[in-house]
């Protein structure tokens, strides 16, 4: 039995409506409890800002694509190298660090739960292997269904229940958490070197449209009762004028779930572009934010771009090829049979580049223009917009108009005419930041009932104590103090244990992986479906029996069983 | 007993449809595997117990003694080399990386003498690739360049290309064209629709010429390039551009000849160029069944796929300097741990001369050429036969190998974990 | 100030010594510097006999002289920004990496990666330079961006690979693929070499001898006079939409 | 006569590679595949022994006629015999020139050594249990 008592914590816990109350947090064996005995170890938080452990609901940290980003980037690895020290392993890398590098750096920033944004089912085992070496965070993986042959055939046949059944079988097999659609239909078209331009373009051969894929899979997701909603990377990422496609996609979504959104639209910054080409490129954050304000069924994340060097990686293969044609830098692509694909290129976002400057502004605008922080979460689509170590700076920008203006003065001068940012006065407060970095993320992922994103009794004892006192700092003026505080916690507590202190990790942890297992009726068990089995055997190059990820790959196994309505 | 869907631990194809018949803890029959795989499953000449070289004779020792010997050897070395890793499962490779980090040694795998140059090329220009099933289902043009699957990857043709059925190909055998580019007229060349014979050392020039021709700049190209007529180059370029889906599979014919990784870089740049016209992919014919896994494990744990030097605590990577052949030939290590490979059979003699001068411990199920240079050899279970664990296919698809029979041999992971634990204990003391 | 470092003969002489601390600037604060032999950290005076004559306030006034069997000594002069380093014998890999100023003179031969990613200053090598002289690092980023490297002997393979600026002169022959991926700067090879300028897209490469295995993707433009040589001028590499200039005295295709 | 020696994989090398102490492995990896014209010129019959001299020494192999190689080129399966004469230089890439060595070939009366004899020549100790 291990007991820990955090005293004098100034807590913001949005899921419980707590805003800056000074209180004690009692922890017993890794869980938050009402009280602990006098024998408990005591940490005095001395009024410091104390939040539930950070949750990142969209990041790329583990798996085939991420590792290929590392593999092809020895120059990136020259930054961020640390030696093995005590219980800590060596790390390397800046934009695509090693698993230990990711884990330690996230931990120092107070993050305790991460969702890998895109896992190809066929290569899921790889993601899970890397999760084990991401020891200081609990993990879960969005599973890609954007180009799944079986699903597209079922959609063509109008059989949503079969769509749900295939998703159920696959999630269980690959130990996936949520349903991810990356450029739906586009990844299949890309296996012919083609793409779909928006939601009404039919996918070659399968003759279904992205709109049909999105709608049908959203319905299937709810039939399965999954904790998370469908997680959508819209078609047409990164092209001028794509905001109308984004609005069209969001407009497809009915409100089907009382507890959470029905659609999670990811890295919307990359999908909020106006203009008809790069010459008249401009921000369309306003119509997007207004649209989302009116629809509780939508949650989005920012996908903020920050200036500097990074590596872009996504399942959206055709988009990466277009980027390659612009930059003519190195380019990797990896198509996955019957399922999806991915692409990777390194990029540098420059202040002196007009397009990059506009992109930077759009992400901030989305966060500032969307009324409810629960509907626009803080991400960079790590590492696509920037490595996650930039989060503290983004928090600073959102909390301080002064900081934004100072930054704005350093970017391309023509930006002003293309974006609404300079006119936006709003400065987010501590509570809103807490929503956007943990509470809102946990709610959107549907894991608050599993003890994530809040500090109520029964929750996982994941706590971040930041070395800053809200009553002593004016974030609007003293934004550097805010950035410093969010860069390194005073304490990061994971499962009831102090894992990081003042910028140093202390222990080699042990992660848990969350995955879902929907219970479906016998008739919808694809493992017994003759047609499914036959096609699997003929067209996959892996035997169906060797496809599922064995439980040996899960370090701490957190299976979420759901009751499916099929 | 018949074990179905067993995974073949021989080459990078990692075929997972093997049926293995086991009687009395012996493999008695193997179905579906090629000759290479069958022989490996049926292999029987295992080393019985750990051995220690004692002057000019061999003496049996216990596993405890052998593990202690290895731990002491690595801890006292100033620059130990931990080499091999392609012939074992990923879980063992992970322990290997932790060991290298702990003792501040150099960890390298067999890709340095296999597809290491391909990795160097990918690090310069990236890699447009795909899984094998994408090619099987779509490709109407397959190019084998400096690779000879009939000898090295015997089922590649039947599972993924020439003789495979494909979802989008009505009559795959008829509709799929195969081009072979090589300096030898191999057996693979004889089943090709088009054979391009190149003068040795001429791959780079031919690839450059094709890139120019694909861009329409044919005039500059001389009448013959490395023994290939310009007309044939134009024909090949046209075949590529008119394909719906083209796939290049290259082998050691590109990685081992002059220019090394620059050959592969050029091939990748040709494919990137072709991607502007149609769909094209390129992939390496990886040799050992889990050499790619070793690259993957090293990459997520150290940041680099092979040739990682932890002498200074942080990871340093520079193939040509931190790779096994260079280190041994230059006598730059003072101890070696060999796992899952046989450098004495595959390295130039000068490297072996240094192995003879330094303490060497090897984990391997069989007596092999490296045994002759060992101070200690520890027999282990064979992954995919009497041990299970993760392997990565040549296209990056991870598959868990099955255990088809039970023996008393410990797995690589078990032996290495014991070594690692001993070393941690010693260092913490 | 003159600092003389005489390498002591060592029992385990085959383990390389990494000595990035040996740059003139560091000796302004004394000689208490670390070097590494494999994974062991040693003091400078455990490895060298150290003697110092005179003193200096400015890096420019520091000269470091290295003697002994220094061919396994790596990273000497890394990040050097001024002063002078003289190596009486051979020098190990990575001498003058990232150098931005000052002068390094190698009286003997230099091992691989001499002047890797160099940005300024001067390196003179009286003997031969091995592979990757004045080249870049793995991953294809820019190689040399400024400064001068002059080699009086021969150079190995991949000379000035990825060069983007500065000047490299080799008086003897060069190996395979000098100036590969060249994108700027100037490379001059007085002797013969193989496959110069592969995939180049900028800069100028001069070969006063014969280019063997000449690549087929260079377009002949005419002849020019250069420093008393009549050279054939090519544009290329057209495989890479290149705009580089390659000048050779003579060439042979692998046809 | 001078030849370009190329090394590479063969099925037989692969089949015997996990059994390096076997006569079959030694036989396969000590085979030098040559064009029959070259063999005629050297007065060689299939299976005759030859001395192959490379930049780092010499080794005895057996000649075997092959239609796959061109004149002036020989092919030897990967293994200890070829490596007995291959130079260790990698041109700083990590990879030796396994496929581009010039070698001298002449007939000989000597027999190829066993794998362990080769290893013992370099300071190893045979394991023969």
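Labels for the chains are A, B, C and D, by order of writing; each one numbers its residues from 1.
The rule we apply is simple: a contact is a pair of C-beta atoms (placed from the backbone, for glycine too) under 8 Å apart; a residue touches a chain by one contact, two chains touch by 3 or more.
No experiment lies behind these values; they were computed from the predicted model shown.
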Middle chain, criterion being Cα centroid separation:
B
Centroid of chain C to centroid of chain D, CA atoms only: how many Å?
37
Geometric centre distance via CA averages, chain D-chain B, whole Å:
22
What is the distance, in whole Å, between the centres of chain A and chain C, each centre taken as the mean of its C-alpha atoms?
45
Which positions in chain C touch two or more other chains at once?
112-113, 131-132, 137-140, 176
Please output the residue numbers of chain D that touch at least 2 other chains, ranges allowed.
91-92
Chain A, residues touching no fewer than two other chains
72-74, 330
Can the chain contact pattern be summarised as a line, a ring, a star, a complete graph, or none of these (other)?
other
The residues of chain C that touch chain A in their complex are 137-141
Using the touch rule from the top, collect the residues of chain C that touch chain D in their complex.
112-113, 130-132, 156-158, 175-176
Provide the residue numbers of chain B that touch chain D in the complex, in ascending order.
10-11, 35-36, 39-40, 43, 45, 51, 53, 56, 58, 112-113, 116-117, 120, 148, 150-152, 154, 183-187, 200-201, 252-253, 255-258, 260-261, 287, 306-307, 319-321, 323-326, 328-329, 342, 344-353, 355-357, 366-369, 371-373, 377
Mind pulling up the chain B residues that touch chain C in the complex?
77-79, 103-105, 120, 123-125, 199, 201-202, 204-205, 207-209, 211-212, 215, 217, 220-227, 258-259, 262, 265-266, 269, 310-312, 317-321, 330-334
Which bits of chain D are touching chain C when the two form their complex?
91-92
